[in-house]
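These notes concern the structure reproduced below.
Read from first to last, the chains carry the letters A, B, C and D; within each, the first residue is number 1.
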Amino acid sequence: MVGQKLKVAIAGLGRMGARHAMHFYGLTPRADLIAASSPEQKELDWAAEALVGTRTYLDYDEMLRTEIKNGLQAVVIASATAVHAEQAIKAIKLGLHVLCEKPLSTNAEISQSVVTAYRESQKTHPSQKVICGFSRRFDASYRDAHEKMTAGLIGTPSVFRSQTCDKLDPSGFFVAYAEFSGGIFVDCSIHDIDLALWFFGEDSKVKSVSAVGITAVEPDLRKFNDRDNAVAVIEFYNGKIAQLYCSRMMAAGQEDTSEIIGTKGKLSINMQPQTNLVNIYENSGVRREIPPHYYGRFRDAFIQEANEFTACCLDDTEPPMRLEGAVNAVRIGQALQESLLSGKRIDFDEAGNRLEEPIRARL
Amino acid sequence: MVGQKLKVAIAGLGRMGARHAMHFYGLTPRADLIAASSPEQKELDWAAEALVGTRTYLDYDEMLRTEIKNGLQAVVIASATAVHAEQAIKAIKLGLHVLCEKPLSTNAEISQSVVTAYRESQKTHPSQKVICGFSRRFDASYRDAHEKMTAGLIGTPSVFRSQTCDKLDPSGFFVAYAEFSGGIFVDCSIHDIDLALWFFGEDSKVKSVSAVGITAVEPDLRKFNDRDNAVAVIEFYNGKIAQLYCSRMMAAGQEDTSEIIGTKGKLSINMQPQTNLVNIYENSGVRREIPPHYYGRFRDAFIQEANEFTACCLDDTEPPMRLEGAVNAVRIGQALQESLLSGKRIDFDEAGNRLEEPIRARL
Amino acid sequence: MVGQKLKVAIAGLGRMGARHAMHFYGLTPRADLIAASSPEQKELDWAAEALVGTRTYLDYDEMLRTEIKNGLQAVVIASATAVHAEQAIKAIKLGLHVLCEKPLSTNAEISQSVVTAYRESQKTHPSQKVICGFSRRFDASYRDAHEKMTAGLIGTPSVFRSQTCDKLDPSGFFVAYAEFSGGIFVDCSIHDIDLALWFFGEDSKVKSVSAVGITAVEPDLRKFNDRDNAVAVIEFYNGKIAQLYCSRMMAAGQEDTSEIIGTKGKLSINMQPQTNLVNIYENSGVRREIPPHYYGRFRDAFIQEANEFTACCLDDTEPPMRLEGAVNAVRIGQALQESLLSGKRIDFDEAGNRLEEPIRARL
Amino acid sequence: MVGQKLKVAIAGLGRMGARHAMHFYGLTPRADLIAASSPEQKELDWAAEALVGTRTYLDYDEMLRTEIKNGLQAVVIASATAVHAEQAIKAIKLGLHVLCEKPLSTNAEISQSVVTAYRESQKTHPSQKVICGFSRRFDASYRDAHEKMTAGLIGTPSVFRSQTCDKLDPSGFFVAYAEFSGGIFVDCSIHDIDLALWFFGEDSKVKSVSAVGITAVEPDLRKFNDRDNAVAVIEFYNGKIAQLYCSRMMAAGQEDTSEIIGTKGKLSINMQPQTNLVNIYENSGVRREIPPHYYGRFRDAFIQEANEFTACCLDDTEPPMRLEGAVNAVRIGQALQESLLSGKRIDFDEAGNRLEEPIRARL
């Protein structure tokens, strides 16, 4: 009953895929989820029950072929990271709108190929929208902070400190996962990198990156060139710094916090993580719980993302972010991962080319 | 596309009515908002634009007559409090499900007449659901606290302290509003009273009530037998106490907080109000904003309410609360309002009858 | 080496007495603790070791007689409440300065007799200082709040909400203690009453008091006409209200919090109790500890009290508070305790006389 | 009257010197401040009034010569950093106990000369105590965190994150000061470095250091090879990392916070800075103030330091920290300052020697 609706299909019904599906199915009034694909039959079985009326496919290509005849307008890609780029490009070439889960790829060049395909396709489909979902940009608190900064509340933003820290998964699943994740900076810190670019300006140019890490709980991560705790610094040519921390080892829950320090003030986001507004007073003190997972913290942001993506497709308005930024973030994440392993700072000139030797002036 | 949907009409499109309408229109996947009524043409004009496809009526009775033929199943009553009971009873007599905004009436007897109509109608419509929306019962934090209490985390709950405090409206609108609101205890503290009954047990019997109030900012409230700040105590026969505070005078925003103190611990809800997770560091210190209105604090709870009401109607499951509680809360609120004016504590026997003289044993 | 020092003796070396002794001994540079008395030999033995050089006495009178020859100038009374008044009066009649622990007496008339003795003695000893130690008035946070209020930050203060809540002592010692404590309002809430008078103005006139209480953990308290949880309201003739809560049942520690609500803002004190600045992140969430006892919260205030008392004696400046206030607080505490038992509100005329029947105008 | 007292002289009566003097004069019961020196007559004039009875000297050497005859036992060095080492060594050679303000010197070699002098002197004065005052080690919150960590509460400590961030001084005094401060890492982060060594173990060996900085508000700092905001990483050979942030640009006040992240939990210190327990509710939200200066945050720690130093001298007990640590902290701070300027990471072998080229294994 909500005017004309956007006809949406989703690729991937795993943990995040199922959530995206539910958001488009029941929490995005202007969208109509008409189809879903997954290579796993049991995920399709789940969809049959949870997403009544949605057509299901084991094969992504077949879904596209069939549903395009049913008026399919947009595809949400929430499948395994390894196929993000390929699936996105297929949909792009059909002129469909695309919302792709982050990252486009763990590889910057492959990520760039999605952007290239999009910009090419736009020549014939000028209203086409393709975005990579950096969920935090849709979070009410980050937005409020960004607006306050833009309004001048903290003067010139100069230092950005941010962390993405997962609750320790005692099953150690993240070790096996590390083989394909691109490493902790591409998997976790990518959010903080994207935020740094958002707060400092998308056109900020990286001057250097450096990183250091340890394996405090899972030495096996070294097999996949990964670490369970790492810290990093990104210098920008506009005289700004981002300082990052990422971890797989939080005891209490997901701790994703950020600070933007300006010449006249500071904005902090989530410095006191909390699940809700309850405090528990007991013999050992006063306690509050904090969300165990990323989704617990950012569920509302994901729903907002679904609604805004839908709106920009239907209304042909500016997408909430430019796709190029997603490539930039992966590029920086990859460089940090390399620095983490090599023990070397990596320097760039203002055109973005790597410098073999630092050319930094002494003062 | 979400299976069979509940066909819902809404009565009233004022401030809260429009919000309820939006919730059922776009944020309740299993509901289909088919009609809306309001005596104000400009509200219907708004609906025509915001609720595309919803049929609109200037007359509530006509809406019922017409829509019942279109398969109407449920009515949401969000009109002026004065017509809540009458509209609810009309819908009840037609066998429709009803979600009525609080209070059923500012008068306990009239409130009771809604319950009576419902219980009578149920004889022929055993699956009919009628609830009065006490939104806080759908709030994630209150629910978490209630679950923790029920699980025994704080031993025996003994003292309930709660407040409903509105941000000062400098326009003074609340003075004119006081003529019809039933007074600050019926209008604001009704939530805290309902929560006390929920946390202490719906069958808790009131032993005494007493209240005191002042007019710190709006002496004109006295014309309508109201106050802008008031405090109250409710004693229960099970050895429990509720201590309440209500105000129209908060500077920073809506401050609705509660504490449940048990023999082994305490649970607090919202003791540190906040709009979001942002903190602002500036020359005068560290600051956070807090929601300016009740809706800013409880929006998610209202949406949850819409979804749960819809689900219990469609699935014929137990409603989330019993309608009788809504009468009980008004009865207590009215007694508090009386005590506020008379300066006298009002005592009750265990059957709920008023005692002219306190019969409390000296020890 | 700190200029001329005030020669001080202390009466009572129990829990609080020993603390006061240590404050005057080592943390009050301008004071010289020269003597201490206690009826308990083992406390004197402790003093011999901890207060090297301080002369000790089993008998208070003997201490006064002897030390006055040694130049004794001031007496700190930290003995059992039952002898506060008697010991204070003896010292007053000798022209000595007196700092008496609260309360002067659990009985308002006896408390008044100390004031009478003081004002009489002042005729011949115009520089004599006698104060009753309401420690919270020396607390940095309460002072900051009071200054901000006085500076107009919150407009006209209208509602004062305050609590004194002890950590549950599982030994149940407080039951036996209740026989002599004067009851929970005289023992605990006396602080909140004093604060109400401080924040609302010492000359605020009580219009009514009422109280209700329960025995949630210690029914035996009823033998001594006491309760373990109680709530109260004090109405003042200047259109202000104080709402109090006191408890012996806190799980997490001492929770003494206050709020002053004015027509333009609010000040809160200690709404988030904490022992220090440490937070503990562990599997069950984020936790902070809170002080287990009153002293843990207010140690610095007691030290400040010792130093300010010393300074006003040496410099002949205005004492930090008037002694009359201590009587007023006990009088209100006693009335609340009576209301707690009788189940009746107690009303007063503007001259402070009790009214048998409320004469409150209906509107 | 507190048993035998330690006879103490102080060198330097500037801002921090005057505070130390007051602590030893009036807040350290077991100490007797007998003399003070300063090259500034007006500071001696202040002392004559504030430190009644303390002998004053324009010349440090003369103070030592004269007071040693009066039984001088200990010297507190709170003069300009440039003369710390020289004054300390003179006192050490006389067999006096020494409490030297941090740093011993901004130069690691000079710092080491103090240690060498001390260890040499101890051969003939085995009870001599010399410490460098790292005040945070005396702070109740840091101590509580250290004890909890030592008790195993967080498993193996792995990542230490810490910051020393000053409130922006709009006078820009810190620019001129930078000429002599040793740079922001030696002046500010030295505390965080010392804490890292304390929490990770004094024998932790540095593997690498790297730093990056900007001049966001005071470009003139570059003249003195300094920055106003800088970030750093210290890697240790035991698989631990410290991540630091220092700034001269905080809007709200002094923000010194730390986190110790272990394999089973995390401890945070002062993540929510505050001056006291007051919150201010006003139209713009809820606000709390935070201390404007380092001393506002750590006053109690300084007093504790004075008392513990005094106690270890009088009782011939182990000093609260080893002097060698102070050299280690300066050495790391200097290396960070070098890295800040050179743009290069500096690597060390396990014996503490610098490596020209990183030898880090690839995995």
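As a convention for this text, contacts are C-beta pairs under 8 Å (C-beta built on N, C-alpha and C of every residue); 3 or more make two chains touch, one makes a residue touch a chain.
In this text, all values refer to a predicted model and were calculated from it rather than measured experimentally.
Interface comparison, B-D versus B-C: the higher number of contacting C-beta pairs is recorded for B-C.
Think of it this way: of A-C, A-D or C-D, only one pair shares over half of the A-B contact pairs by residue number, and it is C-D. Centres computed as Cα averages put subunit B at a distance of 41 Å from subunit C. Subunit B and subunit D, compared by their mean Cα positions, are separated by 57 Å. Residue positions of subunit B touching 2 or more other chains, listed in rising order: 154, 250-252, 264-266, 271-272, 280-283. Partner subunit B is touched in their complex by these residues of subunit A: 1-3, 25-27, 29-30, 32-34, 51-54, 140-141, 144-145, 148, 153-154, 264-272, 275-283. Residues 154, 156, 158-159, 161, 208, 210, 212-217, 222, 225, 229, 231, 233, 235, 239-241, 243, 245, 247, 249-252, 261, 263-266, 271-272, 341-345, 347, 358, 360, 362-363 of subunit C are the ones touching subunit B in the complex. Contact residues on subunit A toward subunit C in their complex (touch as defined above): 250-253, 255, 272-274, 280-290.
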